[in-house]
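Here chain A shows up in two complexes: once beside chain B, once beside chain C.
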Partner chain A sequence: MVKEKDNKKEQEIISAPPTGMQVVWREFIKDRVAMFSLIIMVLAISGVFIASLFFDPAEVMKVSLRSKYAPPSSLHWLGADIGGSDVFGQLIIGAKNSLLIAIAITLITGTVGIFIGLACGYFGGWIDNMFMRIIDFFITLPSLMIIIVFITIVPKYTVFTFILIVSLFGWTSIARLVRSKALSESRRDYVNASKTLGTNDFVIIFKEVMPNISSILIVEATLSFAGNIGIETGLTFLGFGLPPSTPSLGTLVAYANNPLVMSTYWWVWLPAALFILILMLSINYVGQALRRAADAKQRLG
Partner chain B sequence: MSFMQIKDLKVHYPIRGGFFNTVVDNVYAVDGISMEFEKGKAYGLVGESGCGKSTTGKSIIGLEKISAGSIIYEGENVTNKRRDRASAYNRDIQMIFQDSHSSLNPRKRVQDILAEPIRNFLKLTPQEESRRINELLAIVGMPEDARLKYPHEFSGGQKQRLGIARAIATNPKLIIADEPVSALDLSVQAQVLNFMKDIQDEYGLSYLFISHDLGVVKHMCDYISIMYKGRFVESGTKKDIYDNPQHIYTKRLLSAIPDVTPNGREDRKLERIEVERNYQAEHKQYFDENGRVYDLSPISDTHFVAATSSALKGGN
Partner chain C sequence: MWKTVVRRFLIMIPQLFVLSLLIFIMAKNMPGDPFTGKITPETDPARIEELRELNGLNDPWYEQYARWVGNAFQGEFGNSYTYKVKVSTLIGERAMNTFWLSLLTAVMLYAIAVPLGVLAGRFHNSWFDRGVVLYSFISYAIPTFVLALILLYFFGYKLQWFPTTGSVDVREVPGSAGYYISKIYHMILPAFTSAVLGTVAIIQYLRTEVVDAKSMDYVRTARAKGVPANKVYSKHIFRNSLLPVAAFIGFTITGLLGGSIFIETIFAYPGMGQLFISSIASRDYSVITALVMLYGFLALLGSLLSDIIMSIVDPRIRIE
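Up next is the complex of A and B:
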């Protein structure tokens, strides 16, 4: 992601840094779908976080039997569920919860994965061997089963424990990817040069190697973020995610388990399902555009 | 008086195999070489690809683990020692890499690249550091506005000069130059080599010049060692090697230098054929039954050849 600066304006600057921001921007301008997805994604995420400030979870979740399965109206924009709680409010608060969980999982798995992957790739030898065998072990485990079993046997699980248990299985793929990149990057001469110039390993890993694989890290984080939203909603839909008292996108979609709700009261589950669909699609398109921008061979712009 | 001695240096890579992944054999990348370095002299290391030249350089600077032998630096044994990265040895021995492009971090500006050794080895204030960077750029003949640029904005020769600037930043005593010009075209080669010679005279540097280009080594070095399969076959002053080669491998190598004058082309061809015939015939006297090179034995004060005594008497 370098050497791109035929823009007249850029040349006036003495030295444009090859951060690749221009490259990414060009990629989005060239690809309409990605641009559109980026706008949707930013609007959806910021909209959810801003709108959630105006809703009080306790107020939204209050049971009012009079408005049971109320259809969309001026009072309940998207109708109400079986308990008479406002679906629109649940959607906003649920989306915020789901997004926060996905962000937390992405951050935890990303940090752990990058740290271990960099250490494996840079040092090699027995450190690499040890962690790779641990990762092999984790990958052979049926993670979904174990998460379900864990949630069933832990008497009182919270959002926090949920994040931790999902993160436990999520870091391996990032660690493997980062390791493979760090492995090839660490054998390059500038790393050797840094060693002979007296820089210590820690600084070399984080100041020399990591910036050179940062593009792939951003891409991977974006794509795994979309995946993590899916994991949370999927588990909640199956009834093994968050407790029903905590609204999330998954709990709303889970109403569709009931055939009557599914066929008659579409306003309860359809908005959440559409929101998940649109959000995941747009994040995926954005991630793919970033991935193309990170690889000169696939670039459109 | 030499400031650094290398004694019987060996770098072996184990080949693992079998059911228990045990060491079944070794690759003898460097197999018992000895050198001495004096201040202000250039030492050439010549040999074909894969003979262990680069491994020698890398093991001296500490990028490869030394299997046996020792490196004595100013009376102190520094072999494989777990030393501080910012130790005096690391400061005084620096390296110039073959591929100047990959030896500069693409994400760092020139001033940060040049500042790396200064920050690690010398305790300078930011103003002094900045002045030193300008000084270094002036030494390698680059303008000061290069400071804010990134490596990809420079040509190959300029990048190699940046590599040299970084290597001399800490006023080292020995610079290991691992094929520093083999990736450059001829006009730039001359420019970089002359420049390396200039700074050698000015700062009293010693070079360990690793190359497969005999012309370059002749231009640069005072002492030359010819390497083959991890061992020295012949070692001596420039004059000893070029005017009086003793080992058949050296003769073969020297006869392979192309000459551009068309006159005497036939004679040179005959000479090459003669050298090759000699090589086949006398092979036994210079290599033992496993193809290993014999130990070096002196034939003059400076000139050492690896051969049986019978070969040396009969040869010339």
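Up next is the complex of A and C:
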């Protein structure tokens, strides 16, 4: 009797479909590289935020000409730059700024993209048509150039204007993706049933459609986070990113524009470039593993 | 077929209109006007007003806009403030450099991507395939400037295999064979960098296409009637998969244009991207406006080209 009950319980466990977190976990267990990337990503990001507590920006940026271009030593772990400021400290503070800004851009573009995408996909009709034309247009724009021009002509330039300008050109891809998912989701029976019952459109969109596409949203947010780190550091590298008062990883890499620094004082720019590379590779790989987990046909686990 | 092409053209007209309007508004908001540099503090304010009136800067904005578009169509973008030459002449010189660089990039891009994609699809799940997947992942994730800097550091400065700046060795006489060889030699590293970054889409497309084709009836028929495996891949599958890849050329152009700003800045290659950055630095607004307009136009043209080739190659997306 007892045994039978146990059996039944076991069967229930086996037949129960794995829930969200379990699916993701299985995927990471199955794919060792994804697990490795996840660990690297968590270590790098948390490491930067924890280490930044021990560095005082004013102390790090302090100019000391005696240690101009000092090679790596026990005092300066990654050497010093042209002003004798500690490169390792700048790397940590710069990485923190880069990450925070990428998070802010991802949040803004994500929110705008999700709202517009959901509205287009759910309502269709002229709303959809109008936004799709706008998005088509945005996608063909030479956005990098226009961002640079905006940054140059904006009168009072701060970190916030930078975030807003980059976000202005970043929401379209998320909106397009969310729209296509919301479009197919909105034609499902459960949405029609809910409509028939007289449920408010907003309730259907946010409480019924959105949770059903949440897995895609998480995947997209991860990938666009990586992309935004690339955009911010790239623009800062060219000299059109963060104002000089806020160092970023791109600021350090930009020292490589000087051929002498590039060839001789590699410790100034190479660690920052490699750190960007590590962040991009690990976050993107985690994003792709999440994408596989979100799609039952591609799962490994 | 023609319907699709015509319709695609018609869509481009409002896009061009909005693009030009956007750039016009941007140009109007840039500090300075065509007389910047000609006016000194001693200039009589009445004279400034007269100049403004003469050049139509006091006209309503739509009249100014119409005139600006008319000039832009004739390639007339005014004079460069820094170089003291016509903007069209200045851009013309740089455009040739960017054109040759893009051409070499496109050749390298297809030379890398097509064999990798086809072979990865053919030997699906082999170590080679896994290597290609890893390669395309890395080239997808790595930011342009990071790859460019690392390649420049190792091949340019450490190994000294390639020159690190410029588009040609100044000691070579223009027109001689050595001149052209030096030009190509200077282009190899920047072209290779942007080629590597552009390969992902083509490799992934070809790989899945070849994997899918393996189980198709026409392939099985060919194999059954005794066509050797190599020939099936080179004649049957390859041809079928290659046409859509040709359509990527339009997107490739668009992608290359965006990347050219980073590539040309890092390799100090005197093309349009580098001109853009140096004009921004010197606040040379007439050059900036012309370049943004040109890049926007080329990007629109690229997507138009891709869509037209697509509709020729794939009848399913034509509009009836």
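Keep in mind that, in the parts below, the second predicted complex is superposed on the first by the 280 of 301 C-alpha atoms of A that agree within 3 Å, B and C clash if a C-alpha of one lies under 4 Å from a C-alpha of the other, contacts with A are read in each partner's own complex, and residues count from 1 in each chain.
In this text, a contact is a pair of C-beta atoms (placed from the backbone, for glycine too) under 8 Å apart; a residue touches a chain by one contact, two chains touch by 3 or more.
Since we're looking at a predicted model, the values are computed, not measured.
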item	value
Partner chain(s) touched by A:190 [first = chain B, second = chain C, both, neither]	first
First (chain B), second (chain C), both or neither touched by A:208	first
Chain B versus chain C as contact partner of A:253, first or second or both or neither	second
Partner touching more residues of chain A, whether chain B or chain C	C
First (chain B), second (chain C), both or neither touched by A:91	neither
Partner chain(s) touched by A:119 [first = chain B, second = chain C, both, neither]	neither
Chain B versus chain C as contact partner of A:175, first or second or both or neither	neither
Chain A to chain B touching residues, read off their complex	2-3, 14-15, 17-18, 188-190, 192-200, 208, 211-212
Touch list for chain C against partner chain A, complex	15, 18-19, 22, 26, 29-31, 137-138, 140-146, 149-150, 152-153, 157, 164-165, 254, 257-258, 261-262, 265-266, 276-277, 280-281, 283, 288, 291-292, 295-296, 299-300, 303
Contacting residues of chain A [partner chain C, same complex]	136-137, 140-146, 148-150, 152-153, 226, 230, 233-234, 237-240, 253, 256-257, 259, 262-263, 266, 269-270, 273, 276-277, 280-281, 284-285, 288
Residue ranges of chain B in contact with chain A within the complex	58, 61-63, 85-87, 90-91, 93-95, 97-99, 102-109, 116-117, 120-121, 145, 148-150, 152-153, 163, 166
